[in-house]
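In what comes next, subunit A is part of two complexes: it sits with subunit B in the first one and with subunit C in the second one.
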Partner chain A sequence: MIPAYYKAPRTLLAILPLCFLALFFLVPVGYLFILSFVEGNAFGGAHWTFTTANYTGMLGDRFYIVIAVRTISISLIACVLNVILAFPVALFAARLQSVWKSVFLTIATVPLMVSNIVRAFGWVVILGRRGILNSVLQFFAPQMVLRQHLFSIQAICFGLLTITLPFTIMFLTNAVSGIDRKNIEAAESLGATRWGVFYHIILPLTKSALASGLMVVFFLTLSAYVTVTLLGGPRYKTLVGFIYDYSATLRWPQAAALSFVLLGIGLAFAGIVQLLVSERKK
Partner chain B sequence: MKQQHSPIDGSQADVVLAGVEKRYGNTIALRSMDLSIERGELFALLGPSGCGKSTTLRLIAGFEQPSAGRVFVRGNDVTRIPSSKRNFGIVFQGFALFPHMTVAQNVGFGLRMRKLQKSEMKQRVMSALELVGLDHLADRYPRQLSGGQQQRAALARAIVIEPDVLVLDEPMSALDKILRDRMQVEIRRIQQRLKMTTILVTHDQEEALGMADRVGVLNGGRIEQVGTPRSIYETPRTTFVATFLGASNLLTGKVEGYDGAQAAISVAGRVISIPRGGLERGATVPLSLRPEKIRLCAHSPFMGKVKEMTYKGSTTYVEVDVNGVSFAISGDSAQIRGQHCEVGNLVGLEWDARDVVVLEDVAS
Partner chain C sequence: MRRMVLYSAVGISAFLTLVPIFLVLVQAFSAGEMLTFPLPGLSVKWFVRAYTVPEIRESFLFSVILAVVSSVFSVMLALCGALYVSRNGGVLSRLVTILALVPLVFPAFILGLALLFFFKAGGVNAKLGLLIAHIVISIPYAFRPLVEALKETPLSLEEAAQSLGAGPLSSFVLVTFPQIAAGVGTAWVFCFVVSFSELSATLFLAGPGAMTLPVELFSYLEFQGDQLVVAAASTAQVLLTLGMVFLGNRVFRRR
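Take a look at the complex of A and B:
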């Protein structure tokens, strides 16, 4: 029971940040939403007449569909790679003693302390035409030297992994650490193999952390701009790149419409993930 | 697996530890332990925390490997065999039920890992749940169960796989006193019905004495004594065993000589005779005498002043000073009142000669 005199200030405390969010997030987003349904003019303004052309124009254009599919694919690949790479790391890290675990998690999050641009340029240095990778390949496997390792889906995925892996590792390590060691031993004593323990015990007990991790990965990669632009180059653009182009050329209604398409994709993914997680719970 | 017979014991032994040792770095958790647990018996490993009983359990269950020595189950060397292949049923401390599975799924897990047919699985799960009286809660999740119900579920999960050995790791620690007493009886009943070789790890001497066929008392990574509950309680071999299993008067005696097979030992300025040979004349020996074995009487060589009296309902605790040596006595309240026992009064003490036990270690 929370006494009334304590309740009142708590509500007040909640109101303040809510006001902030309403003012600086909901209002602009609402404005953007309205903007996405009006006609733009060539001078960065808008004719305030209702139209759905900003959306239908995109859906009818195969070019945008290709870009959208590519955007979603990149995010999904990033999700899959994250799970494959982060789970073994989490299983290892969760068994470390608490001091070493802290050290390990700090090291794992070091990439987050470096600016996105610097990280992306790091990959340019490695994957570029005269980059480290080519120099090494020249020595050992000259047939694999490419004119360019950059500007490819692989380059984008590598770049995005350096942003997202720390998050997934953190989420999963904490979740796996939270599992009672005795549960795992109980499963072993009942005849479960390593894979059985993982599939029947660890996976179900970490699925909500996994869902959070996947959503963070999906949203971060969906909205990544710097990494995609630097490593994908002009050939591998994603939806965000076009939003940038539209706003740079002052076509606000189109930029707004594309933003909402992106938001829709994100929400759809979140919905699917939540559905999968809760369905298995029954 | 190669059939191999244990070096110590005959075919009756189900679990044999032969010279098992466990070191963590420089600390020795277990010193060269030899132990043989017979088929169908309930064997209790009893000791205070840090005595090595958990380590012993983990070695037997296969969660850890010994630094030296071997572990045999039914004559097979299982030292290097992982726990998943040992077919042991384990009831963990705190039960360790899988939180995301129902009771039935928890109990069925071991059968699922053994890839049993659905119908057989269902039937065996139900009969295990019936055995522990939990069949009506099969679809509940562990968090919806009380402590006692969780324990039953954990027990059902361990026995449903028809294990070679059932291991109970501090099974009562999460239960309150009343439930503990009831579950002790019930687990014992189920164990005897299934005739399952069972190892009970506990720090609770009442639990060990009340449930086990045999008890092994551990101290400092070493087994101090193995025997039936009665024998280790009534004839403890060491000071540790004497004091860990209930209260005891630890006395110091001096061997004065022999009268036939009786050793004459002086205690508190009086000489008592104990039916015991092999003691060196003139040696100082530690003795143990249980408080409830001492009776009060009017006349005896051991006369002393009552220093303290505590009424505890059916029993009364009395402390008597005999020649500067303090004796603790615990006896029937009515009997003690009948002896005009009051603080400051002079009373006599008597006991049967065989109740004084000569301990093997040096009294501290």
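Take a look at the complex of A and C:
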């Protein structure tokens, strides 16, 4: 039996982190939301006039539509490449013995502890004008004209895969390892092909892990400012690049509105993925 | 055929995730004047040069201090929440769980922007702002291992201590804490690593006198600074992080 007078300090245990996170997470995000409905030019002064122009202005502008389409396309490409690469890796890792599997997972997740700046810089080292790729090319074909490999969509995709692959590999490896071998053996003994086993057994049993992996990939790539800036350069900006520019040039309401557009895109994707996953259940 | 598909996927994934980091580590030890492959020779001169750049030296030190201080705070806050959640049910418990885990999925980039505006409005200085941001971002990484560690400890021991007359504080310090010490250590290492490599939110909140190493390296690269200096500083960062994780594993896994 726990005496009643212990109850009070216990509630305090919950109140402390709750207050901290409410004050420094919920309130700032709420403030950002309010700010996105404030008139742009009046900010900084005392005019807090309500307007939806920060949002409607974007919808009417072809420029923003192009940037939004580019942002979404890059994130979708990253999602597809993640699935194509991570599924075979997970199937490979799931068959390893337990010692080797934990070694594998350790190696696969080490990159998560390395700052994004270092991982993006790794691609600068490889693809830059005076980078490793060019010095290897020059070694084998001295007469070749050296190109800049950075500042391209491919460079962005490489950089984003470096950031996201460890997550999908980790999620899918754990999910595939959790499948009972008997299910697969049963299907095989009934004459299922390898592809049939994958489609009818493995995919349905790993789809919730796949869904959470895809959502992580999508959100991470949507907001990967540093990777996109270093590897895409000024030519291939995505929405986050404009959020940063607006905040740097003190156009705060626009930056706030664009942030919520970005969040909206992410939530829409998460909703679609959830819908697809639950649809298949029937 | 099937084998080949699997092995090539493993190979490509390993290349994409590990090789960029590995090459940065290798180039940092170059004896040459610029990026070349293969290396012209080995030396540590780029580490010396990185150390002589005052911005890099100061931001490295600031990053370490920030990571140490913020991880202590986030572990303490997460421990409070985890203690409550593991001992109580109800709305408050669910609320703590949700709020403590939300920063994990919420884009840190947007949180950084929100905190920037919020701190500007409230007149919070850059150092305190960074500390708060890093605590918020690393709380989920402490909360999860702590909840798991507390789930594994039987409540009966704590109740036994309390029925024998120990107060809530002494029963926590003498009975509960020793059981979860390994979890607390792991949580602290996680938070340290998260804070030490955090870049998205920090980008908005860092400023003169409150510059972290990742942000400093980013601006150094943007203004076409010497790449091998960046490689050396990056290597120092990676080695410190991996060293922390390795030490954490050695010290806190032992039960």
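As a convention for this text, the second predicted complex is superposed on the first by the 246 of 282 C-alpha atoms of A that agree within 3 Å, B and C clash if a C-alpha of one lies under 4 Å from a C-alpha of the other, contacts with A are read in each partner's own complex, and residues count from 1 in each chain.
Quick note on the criterion: a contact is a pair of C-beta atoms (placed from the backbone, for glycine too) under 8 Å apart; a residue touches a chain by one contact, two chains touch by 3 or more.
Everything quoted here is computed from the prediction, not taken from an experiment.
Undergrad: State whether subunit B and subunit C clash or fit side by side on subunit A once the two structures are superposed.
TA: In the arrangement built by aligning on subunit A, the partners subunit C and subunit B fit side by side.
Undergrad: Go through the superposed model and pick first if A:P28 touches only subunit B, second if only subunit C, both, or neither.
TA: Only subunit C; A:P28 stays clear of subunit B.
Undergrad: Does the superposition put A:N183 against subunit B (first), subunit C (second), both, or neither?
TA: A:N183 sits against subunit B, while subunit C stays out of touch.
Undergrad: Once the two complexes are aligned on chain A, which partner has more residues of subunit A within touching range, subunit B or subunit C?
TA: Partner with more touched residues of subunit A: C.
Undergrad: Of the partners subunit B and subunit C, which touch A:S115 in the superposed model: first, second, both, neither?
TA: In the superposition, A:S115 contacts subunit C only.
Undergrad: For the overlaid structures, how many degrees, to the nearest 10, lie between subunit B and subunit C at the C-alpha centre of subunit A?
TA: Rounded to the nearest ten degrees, it is 90.
Undergrad: Classify the contacts of A:I201 with the two partner chains as first (subunit B alone), second (subunit C alone), both, or neither.
TA: first
Undergrad: With both complexes superposed on chain A, which partner does A:V80 reach: first (subunit B), second (subunit C), both or neither?
TA: neither
Undergrad: Is A:A192 touching anything from subunit B or subunit C once the two structures are fitted on A? First, second, both or neither.
TA: After superposition on chain A, A:A192 lies in contact with subunit B alone.
Undergrad: When the two complexes are placed on top of each other via chain A, what is the minimal CA separation of subunit B and subunit C in Å?
TA: Shortest inter-chain C-alpha distance (subunit B to subunit C): 14 Å.
Undergrad: Could you give the residue numbers on subunit A that contact subunit B in one complex and subunit C in the other?
TA: Overlap of subunit B and subunit C footprints on subunit A: empty.
Undergrad: Which stretch or stretches of subunit C touch subunit A in the complex?
TA: Per the touch definition, subunit C meets subunit A at residues 2, 5-7, 9-10, 12-13, 16-24, 27, 34-37, 77-78, 80-81, 83-85, 87-88, 92-93, 95-96, 99-100, 102-103, 105-111, 113-118, 121, 132-133, 135-136, 139, 159, 162-163, 168, 193, 196-200, 203-204, 214, 217-218, 221-222, 227, 230-231, 234, 237-238, 241-242, 245.
Undergrad: Given the complex with subunit A, which residues does subunit B contribute to the contact?
TA: The contact residues of subunit B facing subunit A are 61-63, 82-90, 92-94, 96-100, 109-110, 113-114, 157, 161.
Undergrad: Can you tell me which positions in subunit A touch subunit B when the two form their complex?
TA: 180, 182-183, 185-193, 196, 200-201, 204-205, 281
Undergrad: Note which residues of subunit A are touching subunit C in the complex, please.
TA: Its residues touching subunit C are 1-3, 6, 9-11, 13-14, 16-18, 20-22, 24-29, 31-32, 35, 84-89, 91-92, 107-108, 110-111, 113-119, 121-126, 128, 130-132, 135-136, 158, 161-162, 165-166, 169, 194, 215-216, 219, 222-223, 225-226, 229-230, 240, 243-244, 247, 252, 255-256, 259, 262-263, 266.
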